[in-house]
Amino acid sequence: MKINREILTTAGILIIIAVTPLIFHENSYTMHLLIMSMIWAVAATAWDLLLGYGGIFNLAQVGFFAIGAYATGMASIHLGISPWMGLLLGAVASGLAGVLIGLPCLRLKGIYVALMTLAFFEVIGPLIVVGINLGTGGKAGLFPIPPFRLGSYVFNTDELLPWYYLCLILLAICLFITYKLIHSMLGLSFTALRDSEPFAQSLGINRFKSALVVTAIAAAMTGLIGAFYAHYVVVISPRMLGLDMFLFLLIMIIFGGAARFPGPVIGAFVITFLDDMLRPLDSYRLLAFGALMVIMIMLLPNGLMGLVAKINIPLFGKRDTEAEMLNPDIPKTY
Amino acid sequence: MLDVSNLNTFYGQFQALHDLSLTVEDGQMVALFGPNGHGKSTLLKTICGLIEASSGSIKWNNTELAGLSSEKIVQMGVIYIAEDRHLFPEMTVMQNLKMGAFNLSARSSEAETLAYVLDIFPKLKILRNKPASTLSGGEARMLAIGRGIMSKPKFLAIDEPSIGLSPKLREEVFLKINEIRQSGVSILLVEQSSEEVAEMADYLYLMEDGHIVFKGHTNDALKDENIKKIFLGTG
Amino acid sequence: MILELKNVTKTFGKFAAVSDLNFSVNEGEIFGIAGPNGAGKTTLFNIISGFYRATGNIVFDNRKISHLGPDKINILGIARTFQIPLLFDSMTIYQNILVGSHFGGQGKSEVENRINEALSFFGLQELRAAAVANLKLLDKKLTMAAAAFATRPKLLLLDEPVAGLNPVEAELFVGLVKKLNREHGVTIIMIEHLMNILTEMSDRMMILNNGQKLIVGSPETVINDPETIECYLGNSHA
Amino acid sequence: MSLNDLIEILISGITIGLVYFLIAVGFSLIYGVSRVLHLSYGSFFTWGAYLAWIFAVKLNFNYFWVFVLVCPILYIMGMALERFVVRPLRKRDNFDFNVLLAGLGVALFLDYAAQAFFGARTKSLPSLLDGTIQIHDFVFSYQQLTMLAAAVVIAFALWFFLEKTRQGLALGAVAQDPVGARIVGVSLNKVYLLTFGISTILAGSAGILLAPRFFISPLGGWKFLIKALIIVVAGGLGSIRGTLYSAFLLGILEALVGWLFGLLWVMPFWFLALLLILLIKPHGLLGSTADH
């Protein structure tokens, strides 16, 4: 792997997260915010994989998050399966849901994908409510979702460090997968489709196949972190499908920079803490976020990472060309 | 009079027009020939404001057109008739013609112009309630020209009017264009190559790769064996 | 026979861009197509390469391909170029060819070899790391052809390959096309506007007019055909 | 199910369908003319209702004056959105993506602005008209009838505008062939402004018509945006006739499902119906296959 700006930034972020508890582990509220930031970081990165890199307007990502959470929640409450298996189950269930929604949607043009997936997202909530007989818990939700166990140790709310590092491991895994994917031939196929779809097709690229694979992977990652979230917060309900989470994830992506890996991770941390700081503003807080979102799109379309890419930092070597930034690993034989 | 001087037009990085100059005097018909993809349509679209010029000037009766919006240019009577027609497929023939008179300077005399158009293209009268999408190639071409006349042109930029037409229809279209020119409209007509047009035109330009490579009176061009060979495919 | 079209028709609304076309292309030949603007030449390429769905039957290499999409058709062995260069503008030349080599070819093992072969065949080694957005027209056209070549096509469709090139460049390109045909056995169908180039290169030619086939035959028969002259070369020639 | 039930379901379905048509057609119009997927559309539905609440409840105007006063405000709001958010984005890459996200941002802003000004509690509007009327075995409220009448009037006005006026034809021209429209001297920017203005009036007036039935809440517009989306996609993006058909179809489906299983099942059924339609006709009922 060639060392580049993306890897350096990502490694830097992960190291900072890893050492932060040295300072803050006494402050459980800050620890909680950091864990939530990591959760949103995974969800935002997975979504950006679709929106930013794939050009697939999938608006159902929050739905996949909920599917992951409900899969493990229902299985561990009703069937008593281990939460560790639940993580896997959440990923698989969401991945499958991604394929199922992708099969009819992804053959359609981009704009139809947006509309269909948004409609699908809006239907999941009502489905959970009407599916109360299947053990979804209906409107009230599921409670209590059992915690992880490691030997005789039970994860608990008094000690957040184990949650923290488990979440960090999941974050690192997802970032690794995302990085590899962006720089794989699959990633290249999306760049090709975006640059010139007819030329790409004439060279053997199948948009549908590429889109389906990346949709499944992004859904699985989102489901995985959704499952972790369910065990971490103990109670889940259809309220998690609300508009605020949907929009917050998008703001994170825009703020960090769409298709500017690992921008959405940075966005997740900044927005989560900003949101907490603005809490005294009450309902004006969301109003401010709406305005922030529009202003970011208008004035800073490439987000924070777009700004970073414009700055020459001697440590990072010379500025990457656009071609290298998109796929630095591929031209192995330069 | 239309006076284009030192015009440059780009598509992104690709330069389609190089330092191009061309003049059409009042009442003249000027023909512009050249192979496919060498910038002829780009020139017409730049004149009519559909594409932005990077530099250079386009003077129409001493008013600078470069930089003006297409609707202002249309209002001044500089009208484009597209090779790919750009009719409104779901509108009827009549609605398409009515849309031709959209600009304010054409609106007041809409009824007279309509009568004139239906007079030179009687077929359109029969087809008036049919959607444009159902017309045949020749009919659609007539409608495109008719719609152009509805805009009250003082100057017409006509892009490959013969494309996709049978020889008989082609001749008919050229006759109609000649008729329009006789009513006092200046015309800049683009074709790949056509001896019929060359004979009709007062002046001839040949274009290659975004450059004007020949200009002169039709007679001079037709005498030049080399030009005939390269651009008229004959000789 | 490597490609055969039977009763192929493509209409847009009421307008028949290609109507009831029948012809076949022999393996290993260079097959030229000419005709006036709007005759349906590019439409025909779009049909063969799977971008448009037409009625009728197209058989390539003993397989019916008329129902397949462009990516499948490419993998079966038909590659093409476009009249106005379409390239992946945010990539290097190397990456453009890599896309063809990886996705288009059968078998992923020889990807690297095929890229190198394409680069050297089209004389692009030195430019391999250059971003394609700023290339001159010739290099763009070469890159497009190289990417198509890297898919290991049996049949290559070239849409006005020398349009916009100066005579020296055109000659270079024409030479490469001939070499491709002779040394690599690639069958070639080529749309070209300049008659002298087409007659010189083609084993057989076809003239299209108004979406219909006027004549197919050797270059000599075609350019001496009175109907061709009437419709395409201009009537003063007669 | 008796025949009377069936007729009742049909009547209620057609009424709902007509109002849904008003909501959906504005959305469809914006997409058809300017290719913008307008995700803040639902918020204008909400704002229409809130503005009406100010005039009708706070200031005690009657409904006629409410419409006269609210429509221009909505028109200006729509034009402002086009001018200051959409148009600057049009000049940049990734217009589709950016305008989608910007729309969500505007929606968030408008919805929570409504919450900040009007509070999170729902508000209600008085009926358009009080009382009921009996025809044969069926009882209709005047509210329902006036709603129907108002919807018919608005739909007819829209038809007249689009088919019979020059400005309306210009909208159609831009939708069918933007280059063609420029060739005849139509200013795209002016048409975009007009379209956003008119569509916003349509969303807002649908909000006013439905408010007496559904209550007004800051996030209430989303439900209707999603419904508009499904209707428009099922009918064929940009096709007004398709939107009309699917609005009635889905309106009747809603009445039927509501009667049989309860209103909670409506959205899942709508989604199923949408999937089914798209499986058979990938571009919706009347969507053109040439859609770009």
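A, B, C and D label the chains in the order they appear, each numbered from 1.
By our rule, a contact is a pair of C-beta atoms (placed from the backbone, for glycine too) under 8 Å apart; a residue touches a chain by one contact, two chains touch by 3 or more.
Just so it is clear, the model here is predicted, and its values are computed rather than measured.
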item	value
Number of hops, subunit A to subunit B, where each hop joins two touching chains	2
Whole-Å separation of chain centres (CA-atom averages), subunit B against subunit C	31
Whole-Å gap between the CA centroids of subunit A and subunit C	44
CA centroid of subunit C to CA centroid of subunit D, Å	49
Topology of the chain contact graph, where touching chains are joined (line, ring, star, complete, other)	ring
Listing of all chain pairs that touch each other, if any do	A-C, A-D, B-C, B-D
Parts of subunit D lying in touch with subunit B, wherever the complex brings them together	166, 169-170, 172-173, 176-177, 179-187
Contact footprint of subunit D on subunit B as seen in their complex	48-50, 69-71, 74-75, 79-82, 85-91, 95, 98-100, 102-103, 106, 147, 150-151
Residues on subunit D engaged by subunit A in the complex (per definition of touch)	31, 37, 85, 88-89, 92, 94, 96-98, 100-102, 104-113, 115-116, 120, 219, 222, 226, 229-230, 232-233, 237, 264-265, 267-268, 270-271, 274-275, 278-279, 282, 291-292
Partner subunit B, residues of subunit C touching it in the complex	13-15, 36-39, 83-84, 133-134, 137, 160, 163-164, 166, 193-195, 210, 230-237
Residue ranges of subunit A touching subunit C (in the complex, touch as defined)	185, 188-189, 191-192, 194-196, 198-206, 321-323, 326-327, 330-331, 333-334
